[in-house]
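The block underneath contains the structure these notes are about, expressed in structure tokens.
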Amino acid sequence: MDLFLKNIIRYQVHDIFRIIVWGVVGLSVLLAGLTIIRFKAFSGYLRYYGLWIINSAFMETAAKLLVDLDYQNLFLFHINAVIEYTLLVLIFDHLLKDIGQKGIHFILFPGIAAILLNSIFAQTPHTFNSYSLTLISLATVLVCVYYFFLLSDMSWTLDKKMFQAILIGAIFILHISSLLPILFGNHLVLMDLNEQYIVWLLRACIVLVVKIILFYTLLSYVFTEDLQDTHYER
Amino acid sequence: MSKIKIAIADDQLLFIQGLKMILEQDPTLEVSFFAQNGKVFLEKLMAQPDMADIVLLDLEMPVMDGVKVLMEIIANNYPIKVIILTSHYNDGMIIKLLDEGAAGFLAKNEDPDVVIETIRQVHQKSFYINNYILQLIRNRRLFAKKRTTQQELTKRESEILTLICEEKTNKEIADMLYLSARTVEGHRQNILEKTGCKNTVGLVIYAIEHHIIDINISRYH
Amino acid sequence: MKDSTVVVFIVVSMVILLIISLSVLWFFYHTQNKIIKLKLKEQAAKIEYHKNLLLNTIKTQENERARIAGDLHDDVASKLNVVHLNIHLLKKLSGNTPEHAKIIDHIETSLNESIHRTRVISHELMPQVLKKFGFHYALHELAQSINVTGSFHLFVKDSHLCEISDDFKILHLFRIIQELLSNTIKYARAQYINIKFEKTVDHIIMTYQDDGIGFDAEKSSEGLGLYNIKTRSELLGGDVTFKNSEEQTGSICIVKFKKDE
């Protein structure tokens, strides 16, 4: 009986998971498309944000394809670690400078060095580089919170603040929801598929919702010419 | 000749007394009564309508002001003739009040001799216009809504109007045109109705405005 | 550690973290909103306060003018008239030497001048014709007095459409016109002035137009008068637009306000 239920759950969960993953990938591509079309409208930190969106789309699509074609996709995470880290540092560097704080670009090179060291010597491209990714996510979450504190003191309009809050909030939620799965990433991979999928499913749902909200926000942004100035100026 | 009976309506008792003293220096004039506000004045007038031939009416009085008194007198067809005597001597008031039926308009600080002369003129001919007022009428297109629906005056009526403006009395006009005085009076009433004027001075203004008479300034002192 | 326990642990912590992060975001939004609403309320209150201050100032100004005009008439002019009468009586008394006569003449001249000045000042403070005979007549009277000078041609069209029952509103509209005319006469170097009235379903619209040199909003002296007009328009329950004429030179001022119910 037990086994029967388990099998049913496995198939249900598996299917839902597959649909959601497709949804996530599709949305990422849409987001990337939107970004590319309207890239001229982006400036300053938004440029890097746009690049971050495009990178996510690329990585997620590539990862999914590789899995479907039965190849190993773990090396992608290593590459992504470097790229995403760079982009995140640049985004926050500009954001903080916009607010008038010192930039954080000084952590760029040490960070990259650490990631590379980890990838080359510690967790090789055949394993999930959970250390790098966890630290990246943790750092991102902390910087986001720091940023929200600063943002609440700025005397901008609510519209402008909310726009930035949503964008950074997206990064914030994506990373905070990834913390635990990534930390236990290598452990999870060795578990029964069924058990794993619940975790990945939960994460995928969160990612999907976040991407939908992000897409909607960016869509309304790029189609209102004047908002650009309000959202953009200091 | 009997004395001309004058009433004075003004809110300043001192002014009334001073004016009374000056007017009564002339033996042909008599101040029969006075009042310090419009309501009291009208009450006294209604009690004895023939108590005065002419009233020197101030505009600013408590309870009921001069404008309302004038309108009451005209509306009820009292025979008394109104000379406005006021501090508000400005063009707009002059034209409007003459239009409403005042027979004359004087500033309060007018030379008392002029006041007396005005009283005599009004008593004789029912109106008094001086050069200044004549200029006013001449220079402006007189503003009055009634004028728009005037009927044409008959030839006879125009003739009579011209004579009225030449300051002829009813009797004189009757003699000149070989009519009875009553007929002339009847025509005068018709003319008043047709032109929508309230009294003689209104007729004069009307006539000047419509070029029925030539303006001859020397005629009007 | 059993796999399922690990999974449960991970899932639960994920959910908790998610809830915390959502709370962070929501908290952020909520406080921002409150701060901004508070700021807006403060600003609105300030604006309301200043507006009321301005309106009250103008109301007080008009009340003062009416009072002074009334006092000038009742207290000053009336007494001067009594003096005038008595001077006349003095003149007629026997026993006057030529010196007496000369002095009395001087007194009479000055007296007449004072009376005239009082009249003019009082009239400027509160036009009697407006109070006694209404807006329509007073406006035409004003037009006549300007046209008579020969320097301007002022046309008024359809002023009967302007039906206002509130005395104060009539006064404000009249003052606006007075101010506009004063500006045109002083600054605009115009020849033709046109004032026309229109009526819509709920509004009355007055358009004032001259063919002078147009508005120059930088001139501060003009600016104060224009600001006065703006405030009075608000007292009327409406608003005012200033612009320069497109087809020809000159300025246009449009005052639009609600009709009486």
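Just so it is clear, A, B and C label the chains in written order, and each chain counts residues from 1 on its own.
The definition used in the following text is that contacts are C-beta pairs under 8 Å (C-beta built on N, C-alpha and C of every residue); 3 or more make two chains touch, one makes a residue touch a chain.
As the structure is a prediction and not an experimental result, all values here were calculated from the model.
Among the remaining chains, not one touches subunit B and also subunit C.
Taking each chain's centre as the mean of its C-alpha atoms, the one that lies farthest from the centre of subunit B is A.
Of all chain pairs, the one linked by the largest number of contacting C-beta pairs is B-C. The geometric centre of subunit B is 39 Å away from that of subunit C, both derived from CA atoms.
Distance between chain centres (mean CA atoms), subunit A to subunit B: 98 Å. Look at where the CA atoms of subunit A average out and do the same for subunit C: the two points lie 61 Å apart. Residue numbers of subunit A whose C-beta contacts span two or more other chains: none are found. Taken in their complex, subunit B has these residues touching subunit C: 11-12, 14-15, 18-19, 21-22, 25, 59-60, 65, 67, 87-93, 95-96, 107-109, 111-112, 139-141, 143. Put simply, subunit A touches subunit C in their complex at residues 145, 148, 151-152, 157-158, 161-162, 165, 169, 172-173, 176-177, 179-181, 184, 187-188, 191-192, 195-196, 198-199, 202-203, 206. By the touch criterion stated above, subunit C contacts subunit B in their complex at residues 73-74, 77-82, 84-86, 88-89, 92, 111-112, 115, 118-119, 122-123, 127-129, 132-133, 137-138, 140-141, 144-145, 147-148.
Note for the complex: subunit C touches subunit A at residues 3-4, 6-7, 10-11, 13-15, 17-18, 21-22, 24-25, 28-29, 31-33, 36.
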